[in-house]
Amino acid sequence: MQTHQAKRVEITIEAVMENRLTKALLDAGVTGFTILPVLGGSGRSGHWSREGQVTRAGGMVSVICIIRPDRLDSLLEAAFSVVDRHIGVVSVVDCEVLRAERF
Amino acid sequence: MQTHQAKRVEITIEAVMENRLTKALLDAGVTGFTILPVLGGSGRSGHWSREGQVTRAGGMVSVICIIRPDRLDSLLEAAFSVVDRHIGVVSVVDCEVLRAERF
Amino acid sequence: MQTHQAKRVEITIEAVMENRLTKALLDAGVTGFTILPVLGGSGRSGHWSREGQVTRAGGMVSVICIIRPDRLDSLLEAAFSVVDRHIGVVSVVDCEVLRAERF
Amino acid sequence: MSDMLALAVGNLLSPIILFFVLGFAAAFARSDLSIPEAVAKGLSLYLLFAIGFKGGASVAAHGIDATLLLSLGAGIVLSFAMPIIAFGLLRLMSGLSVTDAAAVAGHYGSISIVTFVAASSVLQGAGIASEGYMVAVAAVMEAPAILSALWIIARFGQSSAKMESGLIREILLNGSIVLLVGSFLIGWITGDEGLDMIAPFIVAPFQGVLCLFLLDMGLVAGRGLREARSVLRPALFLFGVLMPPIGATLGLGFGLLLGLSPGGVVLLMTLAASASYIAVPAAMRVALPEANPSIYLTLSLGVTFPFNLTLGIPLYLAVVRALTGA
Amino acid sequence: MSDMLALAVGNLLSPIILFFVLGFAAAFARSDLSIPEAVAKGLSLYLLFAIGFKGGASVAAHGIDATLLLSLGAGIVLSFAMPIIAFGLLRLMSGLSVTDAAAVAGHYGSISIVTFVAASSVLQGAGIASEGYMVAVAAVMEAPAILSALWIIARFGQSSAKMESGLIREILLNGSIVLLVGSFLIGWITGDEGLDMIAPFIVAPFQGVLCLFLLDMGLVAGRGLREARSVLRPALFLFGVLMPPIGATLGLGFGLLLGLSPGGVVLLMTLAASASYIAVPAAMRVALPEANPSIYLTLSLGVTFPFNLTLGIPLYLAVVRALTGA
Amino acid sequence: MSDMLALAVGNLLSPIILFFVLGFAAAFARSDLSIPEAVAKGLSLYLLFAIGFKGGASVAAHGIDATLLLSLGAGIVLSFAMPIIAFGLLRLMSGLSVTDAAAVAGHYGSISIVTFVAASSVLQGAGIASEGYMVAVAAVMEAPAILSALWIIARFGQSSAKMESGLIREILLNGSIVLLVGSFLIGWITGDEGLDMIAPFIVAPFQGVLCLFLLDMGLVAGRGLREARSVLRPALFLFGVLMPPIGATLGLGFGLLLGLSPGGVVLLMTLAASASYIAVPAAMRVALPEANPSIYLTLSLGVTFPFNLTLGIPLYLAVVRALTGA
C-alpha cells in the first residue's frame, strides 16, 4: 500500500506537565497526538511506580506525536521549551504512515 | 547479538473496533500482537480522555504488531480495511528483533 | 534542534518477570527505562487480556529503554538472559534523542 | 402549581442533583477533579447490579402482574418508534445530515439507566411504589432503537450503515444489559432471602454511591459540553429539551393504557424521556462511524440527561400526580 | 440423601453461585461484560482484609484452641503432600509431561481463598460455627505446595526449575499472604473492639461484595475455558473433579484427628480440596516457564473452582454432618 | 503522664494505625502487596466526599459559630506563615539548598487531609465533639503555603520559580479542594435530611475504608522511605519530627485565642502539624522542578505523617486535655 514518510516523536514527561506540553504542541501546529499511560520507570532521579499512588506529583505519561518531517523542528522546539527544566525523555523515529493528508 | 529485520506496525484505533481489527490481523496471517491502553488524545475530531468515562464509545487502544517485512503489505491491507471508515492512525517503523523464528 | 543517534529497545515481557528484567538492565549499565502497561495480546501461547484478572500470573508489561548505540549489545545480552526461557518480544529501533548526555 | 414548584426545588436540593451540579461546575471551572475510569466503571456496575437485583426481588415479593408482558411489549414498541419521531423532528428543526440525525435519533429511542435510577430514588423519597419489573422494561428498551436508527439510514441515507454479522449480538449482549437482566433474574429467583443476604451492600449505601456516580456524570457531561459547545446550535439544544417531554407523553399514554401503578407510569415516562449514553454511542461508532459523536454525546449527556435529572423527573411525577391523584 | 439434595439445590440457588453462573454464561455467550482489573483487584483485597480480620477477631473472642498449632502443622503437611499425590495421579491418568504435571500438582497442594470464603459463607448460612484460626491455616497452606512442585521437577524432570534467590521470599511474602496474615493479626490484637469499629465495612456488605467478585470469577473462568477448551482433554477434566474429593478426604482425616469443630473440619476439607489461582500460577511462571499456563489455569479456575463452589462444598458439609451429627 | 501513655498505647493499637504499620512493614519486607492506583484514588475520593459532607451537615445542625470566619482566617494565616518558620529552621538545621528548603517548607504550611481524618476519628473514639467547619479550615489551608514557598524562592533564591498563568488556578481548583469544599457545601445545604440519605455510605463504613487507605499510605510511605533512605540525613529527620509540634503549638495558640471547643483545638493543631502530600508536591513539580522530590515526599509521607499518626495526635489531645480539662 501507498505509505508516506513521517516522524514519530515520543515524549515521556511528568503527568503534571501533560497539559502544558500538549498545549505547546498544538500551538506549534501539531495536528494530533496520543497519550499513553506509564506504569513506572527509572532514571537519574531514581525509581518510581504508580502503584497505590494518590499524589498527583508522581506519575509520568508518554505523548506520541506523528508529524510530517518538515514540521519536526518546530515540534522539538515546542517540546523542549516545556521539558527543558523538567525530567523527561524525547525520542524521534522515522516512520511511514497511511493517509498522509492527516498529518 | 544476532538480530533480524522486521517491521513494527502501530495502529491506534477506537476501542470498539479492537476485536474487528485483531481478527482481521490474525486472518491476514499475523502471528501475534500486543495491545496498549491509551489515556487520551487529540486529532481532527477533537480532544478526548478516558477519565471518568463509562461509555464504551469513547476510548482508543494502540495495537502493536511486529512482523516479517514481506508480510507488511497484507497486514496493512487488513488494517486499512478496518480503519478505513474509522478514525485512527497507522504507522510503520523498521526494527530489529531477537528470535526471528517467532514472526 | 541538535539530536543524537540512539537505540530504542522495547521488551514486552510477563509482569512477573518485570523486576528481574529491570535489575538485569541496570546491572548491564542502562541509565533508565520506562514501563508501559499492556492490556492484552496474542501470540503462540494464545490470547490473553487483563480484564477482571486477579491472578498475578497473567499480564505483561512493556519496558522501553533508550540507550547509546554502543551499549546495545550488552543490553540485549542482559535482556536475553531473562527472556530466554520466557515468553516475550524484544525489538530495537534507531532513534534520535535530545539531551544525549542522559543516556 | 406552587406544590410542583416546591417539589422541583426540593428535588434540585437533593444531594444527588447537587453532586451532579458540583461535577458540572468543576468541569466548567477546569478543575482537575476526576474519577479514575476503573472506579467510574465499578460504580456503574454496582448500580446495574443493585437496581437489577432489587427489581427482581420485588417481582418475587409481589408476584407477576398480568401486565408484565404487555409492559415489555410497550417498551419495545416505544424503543422502535421513538427514533422515527426524533428523526422527523431533527430533520424539521435542525440542519443535521441524515446520518447525524439518525444517530441522534437512535439515542433517544433507547434509555439511560442512571436517569431511571434517579427517578426511582425520587419515587422512593416520595413513598410511591412501582412495579419491580420496570427494570426489565428498561433492559428491553436499550437495543431496538439501534435497529431503528440503522433502518432509517438504509431507507433515507446515502451512506450505508454496516449491519455486519456480530453487531446485533454485540448490541443484545452488551455488558450493561447482561448485568441488569442477570441481576434481575437472580433477584427474582432468590427473592427476599437473597435480598436479605445482600441488602447491606445494595440497599443501604445505594444513595451514597449514586451521589459519587452523579459527580462523575457531572464531570464528564460538563467536560463534553465545554469541548463541544460549538456543535450545540440553538435548534439542537431545543431538540434536546423538547424530545424528553414528547417521549414522556408517549410513555404516559402507554402507562395509563396498561394500567400501571402511578410509580410505574412515572418510570415508563422517564425511560421514554431519557437518552442512551452507553450502549447506543458504542453501536453507532461501529455501525455509523461517519456520524459525529460530539453531536450525539453532547445532546444525550450534556443536555437531555441534566434536563431530565433536574426538571424532567419532577415534572413527570407532578403530571402523574395530577392525573391519578396519587 | 434427599436432605443432601435439598442442601445442594439450596446452595446452587444462592446469589453467590448464581452470580458465578451469570459470569460464566456471559463469557460463553461472548458478552463484553467485564470488570476492570483494578476493581477486581480491589474486591479481592477487600475479601482478604475482611476474612483475615474476622478470623483474628474470632480468635481474640474465643481464645486460642490447643489445636491451633496442630492445625497449622496439618495445613503445612497437607500442602507439602498433596502435590505428590496429584502428580502421581496425573502421570497415571493423563499424558501430561513431567513439567506440566508438576505445575498442575503445585496448584492442588495450595489453596483458593475465595473457595474458603464461599465455604465460610455456607457455614454461616447453616448456622455452624468454626475456628477463627482456620484463616491462618489457609495462609500457611499457600506456599509449601510450590516447594513440593519444584522438588518434583528436580527429582523427576529434565528441565531444571530455577530456584533462584528471591523466589522463596517472593512466594512467602506475596501480597495475598501478607494481607491475610496481617489482617488476621490485627483482628486478633484489636479484638471485639476493633471489629465493632469496622464491622459495618467488613461484615454487613460482605456477601454482596462476594457476589460481585464471583461474577468476575465466572467471567474470567468462562473466558479461560472458552479459549483453552482444546487443552482440556477428558482425562484432565476428570482429574479436576477427582482431586478435590481426594484432598477433602485427607482434610477430613486430619480434621477429625485434630478434633476440630464440625465447621472447622468442613473448612479444612475445602482448603485441601481447592486449587490455587493467584499465588501458585505466578510462582510457576517465574520458576517453571516451560509449563503451559493454559493447562493449570484452566484446571484450577475452570474446573476445580466451579466444582467446589457448586457441588464440592455442600458435599463436604453433608459428609461432616453425617459423621458428626452436627 | 501514665494516662497519656495509656492513650498513646491505645491509639497505637487501633486498627487504623496497625494497618498503616502493616503497609509500612510489607513495603520494607519488599512484599509485592499493592493497591491499584485507581482503587487508591477511589478511596481517597471517598474520604474527601465523606469528611466534607459530614462537616457540612454538622454545620447545618449546629448553626454557624461566630468564630467560623475567624477560624478560616487563622487557617490562612497559619498556612502563609508556617513555611517561613519551616524555611528558617531548615536553613539553620540542615544543609539544604534554598530551593529544596523552600519546597519542603511549602509542604509544612499546607495540610494532610488523612491526618485530619485520623485525628477526627480519635476524637470520635474519645467522645469529644468538634466544630464541623474545621473541614473548611482544612480546605483553606491547602493553598496559601504554596504561594509562601514561591515567595521565599523569589526573595532568597537564584533559580526563578515559574509563577506562570494557570498555576494559581490549578492550585485553587485542584481536585481535592473542590471535592472537599463541594461536599461540605452540599452537606450544609442538605443538612440532616441529606445526611440520613447517605449515612449508610459515608458514616458506617468510614473507619473500615480508612483502614484500607492507611494500608496503602503505609505501603507508599514505606516504599518511598526504602528508596530514599540516602536523602534522609539525621538533621532532616529531626526537622520532620520537630516541625509538627511547632506547628501544633501555633495551632494551639490560635485555637485557644479563638475559643474553639477542645476538639476543634486538637484539629487545628493537627492541621498545623501535618504536611501536604497531594496538592503541594504537584504544585512544586510544576513551579519548582529543580527541587528534589525525594526530599519533600520522604519527609512529608515517610517521617511527619507517621509521626503525627502514631505520636503526634495523642500528644496534641493530651495537651488540650491538660489545658482545658476536657
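Residue numbering begins at 1 within each chain, and the chains themselves are lettered A, B, C, D, E and F in the order written.
We adopt the following convention: a contact is a pair of C-beta atoms (placed from the backbone, for glycine too) under 8 Å apart; a residue touches a chain by one contact, two chains touch by 3 or more.
Note that the structure is predicted; figures quoted are calculated from it, not measured.
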| item | value |
| --- | --- |
| Where subunit B and subunit F overlap in contact partners, by chain label | A, D |
| Contact distance in steps, from subunit B to subunit D | 1 |
| Interchain contact steps from subunit C to subunit F (minimum; 1 if touching) | 2 |
| Taking each chain's C-alpha mean as its centre, the one farthest from subunit E | A |
| Subunit A and subunit D, separation of their C-alpha mean positions in angstrom | 39 |
| Euclidean distance of C-alpha centroids - subunit B vs subunit C, Å | 18 |
| Per-residue overlap in subunit D, given as positions that touch at least 2 other chains | 32, 34-39, 41-42, 174-175, 204-205 |
| Set of subunit C residues in contact with two or more other chains | 36-37, 56, 93-94 |
| Pairs of chains, among all present, that meet the touch criterion | A-B, A-C, A-F, B-C, B-D, C-E, D-E, D-F, E-F |
| Residues of subunit E that touch subunit C when the two form their complex | 34-37, 40-41, 44, 162, 166, 174-175, 216, 219-220, 223, 227-228, 277-278, 281-282, 284-286, 289-290, 292-294, 297 |
| Residues of subunit A touching subunit B in the complex | 1, 3, 6, 8, 22, 26, 31-37, 61, 64, 66, 93-99, 102 |
| Parts of subunit C lying in touch with subunit B, wherever the complex brings them together | 10, 12, 36-44, 60, 62, 73, 76-77, 79-80, 83, 89-94 |
| Subunit E-touching residues of subunit F, taken from the complex the two chains share | 13-15, 18-19, 22, 25-26, 29-39, 42, 204-209, 211-212, 215 |
| Complex contact set, residues of subunit A against subunit F | 14, 16-17, 20, 45-47, 49-58, 85-87 |
